[in-house]
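Each chain carries a letter (A, B, C and D) given by its place in the written order, and its residues are counted from 1.
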Amino acid sequence: MPLSVAVAGASGYAGGELLRLLATHPDVEITTVTAHSNAGQRLGAVQPHLRSLAHLELVDTTPENLSGHDVVFVALPHGKSGELTAHLDDTLVIDCGADHRLTDEAAWEKFYGGEYFGAWEYGLPELLRADGTRQRDRLAGANRIAVPGCNVTAITLGLQPGIRSNVIRPDDLVSVLAVGTSGAGKSLKTHLLASEIHGSAAPYAVGGVHRHTPEIVQNLEVSGGEGVTISFTPVLVPMSRGILATSTATLEPGASAADVRAAWELAYANEPFVHVLPEGHFPKTADVLGSNMTLIGLAVDEAADRVVVISAIDNLVKGTAGAAVQSMNIAAGLPEQAGLTVNGVAP
Amino acid sequence: MPLSVAVAGASGYAGGELLRLLATHPDVEITTVTAHSNAGQRLGAVQPHLRSLAHLELVDTTPENLSGHDVVFVALPHGKSGELTAHLDDTLVIDCGADHRLTDEAAWEKFYGGEYFGAWEYGLPELLRADGTRQRDRLAGANRIAVPGCNVTAITLGLQPGIRSNVIRPDDLVSVLAVGTSGAGKSLKTHLLASEIHGSAAPYAVGGVHRHTPEIVQNLEVSGGEGVTISFTPVLVPMSRGILATSTATLEPGASAADVRAAWELAYANEPFVHVLPEGHFPKTADVLGSNMTLIGLAVDEAADRVVVISAIDNLVKGTAGAAVQSMNIAAGLPEQAGLTVNGVAP
Amino acid sequence: MPLSVAVAGASGYAGGELLRLLATHPDVEITTVTAHSNAGQRLGAVQPHLRSLAHLELVDTTPENLSGHDVVFVALPHGKSGELTAHLDDTLVIDCGADHRLTDEAAWEKFYGGEYFGAWEYGLPELLRADGTRQRDRLAGANRIAVPGCNVTAITLGLQPGIRSNVIRPDDLVSVLAVGTSGAGKSLKTHLLASEIHGSAAPYAVGGVHRHTPEIVQNLEVSGGEGVTISFTPVLVPMSRGILATSTATLEPGASAADVRAAWELAYANEPFVHVLPEGHFPKTADVLGSNMTLIGLAVDEAADRVVVISAIDNLVKGTAGAAVQSMNIAAGLPEQAGLTVNGVAP
Amino acid sequence: MPLSVAVAGASGYAGGELLRLLATHPDVEITTVTAHSNAGQRLGAVQPHLRSLAHLELVDTTPENLSGHDVVFVALPHGKSGELTAHLDDTLVIDCGADHRLTDEAAWEKFYGGEYFGAWEYGLPELLRADGTRQRDRLAGANRIAVPGCNVTAITLGLQPGIRSNVIRPDDLVSVLAVGTSGAGKSLKTHLLASEIHGSAAPYAVGGVHRHTPEIVQNLEVSGGEGVTISFTPVLVPMSRGILATSTATLEPGASAADVRAAWELAYANEPFVHVLPEGHFPKTADVLGSNMTLIGLAVDEAADRVVVISAIDNLVKGTAGAAVQSMNIAAGLPEQAGLTVNGVAP
């Protein structure tokens, strides 16, 4: 029998992508879709690309409407999931927002704040833990999962093999990301207008102030990094989807280019959704558009004594909705790849 | 009397931009435009956006056709300017290519090579020299000028104030650039097709292998840096023009955020084509599209102990043709801003 | 047992899209992929977005390499399929090129020409025939199928209900299409460079000279139109995929807006891959990206006495590879929707 | 002595473009810039691309702040200019909005409405009048000028030569426009978000409901058309600027292709801002980006018995701000081309 599923926040970009993936998932039935101002409308009027679900009616985002499902996906702004899901005891709740990602309360207060602090199981199955396990093991049977931030996923998957294997230093990391606009959501802000974005590249949250920063540090510490420090700058570029993270780290003394390649290839040899490209090959974001795949390219810059790692994901899939589905699959004992693809839509 | 000007390579992007700027320059007359395969055609057929020059006929790129002008601009692939301009003794020759930028022959052999090594005066008037002068002083009266590479200009202008003022360390620089496609020229390559570029971000020359690397090092050494080391990664993004450079450097011990801001503001206080934005403001490339302006935003990331500098230029203007015109103006004793604008075409 | 499938021309855009769709088709096994200059390479090097097929080796496009399959898809330039597939007697051959679409030899000679004239069954299942049947009926059991041109599909599906129902006049049709660049293939042409396409809209084949014109006329005559005349202008716009066709036709005297809506809704009521949107709604191409869906919006302009029909498809899916798979499904007795989706990848 | 100029609505796209052009106009001094919610800020904070004007302070948009100038440009939403400019008796007022374009009160009531009906002199100098004059003649000395709508300009300049010369029929016109997003202004609407526009083409105002329709009809009647009827559909495409209008008209019986070409070439032989390209050449919008030029390509489709006219403008320049400056130049007795360029910024 399929799992009954509700998606809270179905009129946004993350909610829409969850529905796109769930619509072809063999083991789920989409029972409930909720919205705020769009409640009462058919989904077809709000997400016209989801033809197979066009007949669904959006209902209000309330605890009542979310109760009684096997799985509830929450795709709402920060601060909304706590109260909404407090009483869904027998339900697998997967939050695509930021509320339950951080384990450090001080960091959470500084970057987010609110009433409902408390980390859930972290929805990045590929996260390497210092004890040799992977985060995947902790997701089996979980009933509360916090999906990582999209930038965080790109950077963590890019850098963690080197941290875990001690071939790079954790204290002088630099990541600059080219990011698509959908990561900012459907919010009506002047700087997100097409006229502002076309033909332009624009940085934001410059200088270490992006909310994803403590989450990156947290992950790389889980992977064994001590004194993790990262300079992280996202740059909005004219595309709807995709994150291309260029991350660099100083080599640990004695680490060779071969050590570097071995560390990354070993880390991901059996991962269905992370692939390390051969020497001299680097990904572009179009390669992963619409897919749950992470593509990684690696180079060692001998003159600069730095590893340069390029990681590409689709921010709405592996960065959000795909990670949520992958986590559900693991938690519910389904095949990890169910409902997900590794092939991008290109060109 | 206006200067008579020839543009060699008038059918390419750099050549076209030179002509666009020169067409409204009050002190020049465009006498000759040359091309290779397009010779014999009217300019209007090849550069349809240059209506005011549509009647000009493209002639072959030969030493003969270039002789007899006051100024010759060379916008040709690497290796072409040496022989072509060897005998233009009484002419101001301004090369937009890479042939005459490097002063170090070993670096030149490694990254370029060829028969005509030999640095010309370097066409970056704002370059800060360790002796307290600026490169501008050396351009007055010059008759051979090498225009910098576009990525080089974005990074040099972004980082040199900190090097010159000893507020940042020169040995752990990282720059990641979002670059428009026109920097790659009109070459017919699969990865430059619109279908490949749309909706995608793609890195290239990853791992310290970009030819612009030694030129960046050279500049920052001129500014007083010792042991300059830079990890530099360009990322092609879906826009025709523009470079947004995100450059980071470790703070020198004791350097405060105020020291940083003072260094940059002092360096560019009187520069007509470089402007440091106020605290909390950062440029986007659309702000400088079509203009010769460089906009710079600055932040200090205390947690990462790094300065983050964002610099935005139009690769075809300040990155190429505008720098060439600015250099000509200085060399020929014209007002430095003649024919150039500081206002971008936005949105 | 799955059908064994070969794709000839696997390194191009149409070939790549065929493989993307076939990779998740439950009833096929991709056995052979062929190429010309890329033969000998792994598919992963040429189509890096197709991770699940990355291990396949491209072999030469020869009759020998294509023999012995249940189905051969041909995604090659005009003029290549005839000789290549002449002896594949027991194979279902589906040609995505133009060689076998036209039934009129004179039109074929004028717009294409070559040695292998001869129409195959036409791969547009939804084509309305004047006798009340649909083209779908003719595809069951076929062993040679010619997939329609992408612009043709958008216009035919847009206009045929009105022709078939006599609510619009067939002799004064006008269609203007906004088309993505992938329709032009991976060919290295200056006007297809990203720098030329970004931020620009450019018409081509203006004045009735596009090769798709006779095919549109042929289809609308099959639907019952007499004296079909169409002015058709495609406009390249800055996107990789998608066709948005704006087609207008004069109303037949006496035809009301209700008649118009009824004609379109009736025609497509049971079609899985064509949907008529409600009054006041119109599609955008993002709604169908990556899907086999055709979305249609309708309005009657009373002042101009014209119907305006907007039809949106993904040129690589419903316009090419999806139509090919849909046709294979019908010809081979598989479920028509197998391997195809109706949901777009948006935003 | 330069003209003192005020720009009302300086924080929008039209206002910004007016300022960009006026900043390099040799005969004006920008004295006052007004805004609504941005009043009190420096222009540099709102229009960061206008470096040379960054120091100007935005003041409230009031009659008082606009009084005392030689010229006032109004770049405000519909319905604002009437009251604001009612008492500026000795001032040349140029309205970029729609309030004073229509001469027919019924059409105005139907499509706009409000208190301040009344046509001003129409700011399209190239408009051909049935009496053999051009609109230019009426602008000399005018003190109230209404700038045309951007779509209207593209279509009128495209079709009027054929109407004026009786080589095309005025009663079956069809125009489909690919338009950039800046024409919709800086308004915060979901469908104008970059995520919605990227990689997509979207029609709007389908079916004859666009407000620009009666203005097109009015112009073509002024040019001598009787019973002018036009089906006009704009399509938003992923670019910030530019309009590419594809307009078709049925040939008058007996009109040859040579007649057609002669009509267009004759109409624009002496126009500085309209150019008819040679046979077989068609414009793209990038060719006119940032310029006041209109480029026109022409073809006769013999099979369809229709002329196809492609006209390209920059919607913010010839479509709005450039037309305003050109009109000011004529009204104030300045050289018509002052402050304007005919060369586009490409690629």
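Convention: a residue touches a chain if its C-beta (ideal position, glycine included) is under 8 Å from a C-beta of that chain, and two chains touch if they have at least 3 such contacts.
Computed from a predicted structure; not experimentally measured.
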*asked:* So if I look at the partners of chain C and the partners of chain D, which chains show up in both lists?
replied: A, B
*What is the chain whose Cα centre is as far as it gets from that of chain C?*
B
*Chain pair showing more contacts of the two, A-C and B-C*: A-C
_Centroid distance [mean C-alpha coordinates] between chain C and chain A, Å_ = 35
*State, to the nearest whole Å, the distance from the C-alpha centre of chain B to the C-alpha centre of chain C.*
45
*Residues of chain D that touch two or more other chains: which are they?*
13, 180, 182, 195-196, 198-199, 238-241, 283-284, 286-287, 289, 346-347
_Of chain D, residues touching chain A in the complex_ = 13, 180-182, 184, 186, 188-190, 192-199, 238-240
*asked:* Applying the document's contact rule, which stretches of chain B touch chain A when the two form their complex?
replied: 172, 174, 176, 178, 180, 195-196, 198-204, 206-208, 213, 229-231, 233, 235, 237-242, 244, 246, 248, 250, 282-287, 289, 297, 299-306, 308, 310, 312, 346-347
_Residue numbers on chain A that touch chain C, as the complex places them_ = 13, 16, 20, 23-24, 45, 47-53, 181-182, 198-199, 240-241, 275, 277, 281, 283-284, 286-291, 293, 295, 341-347
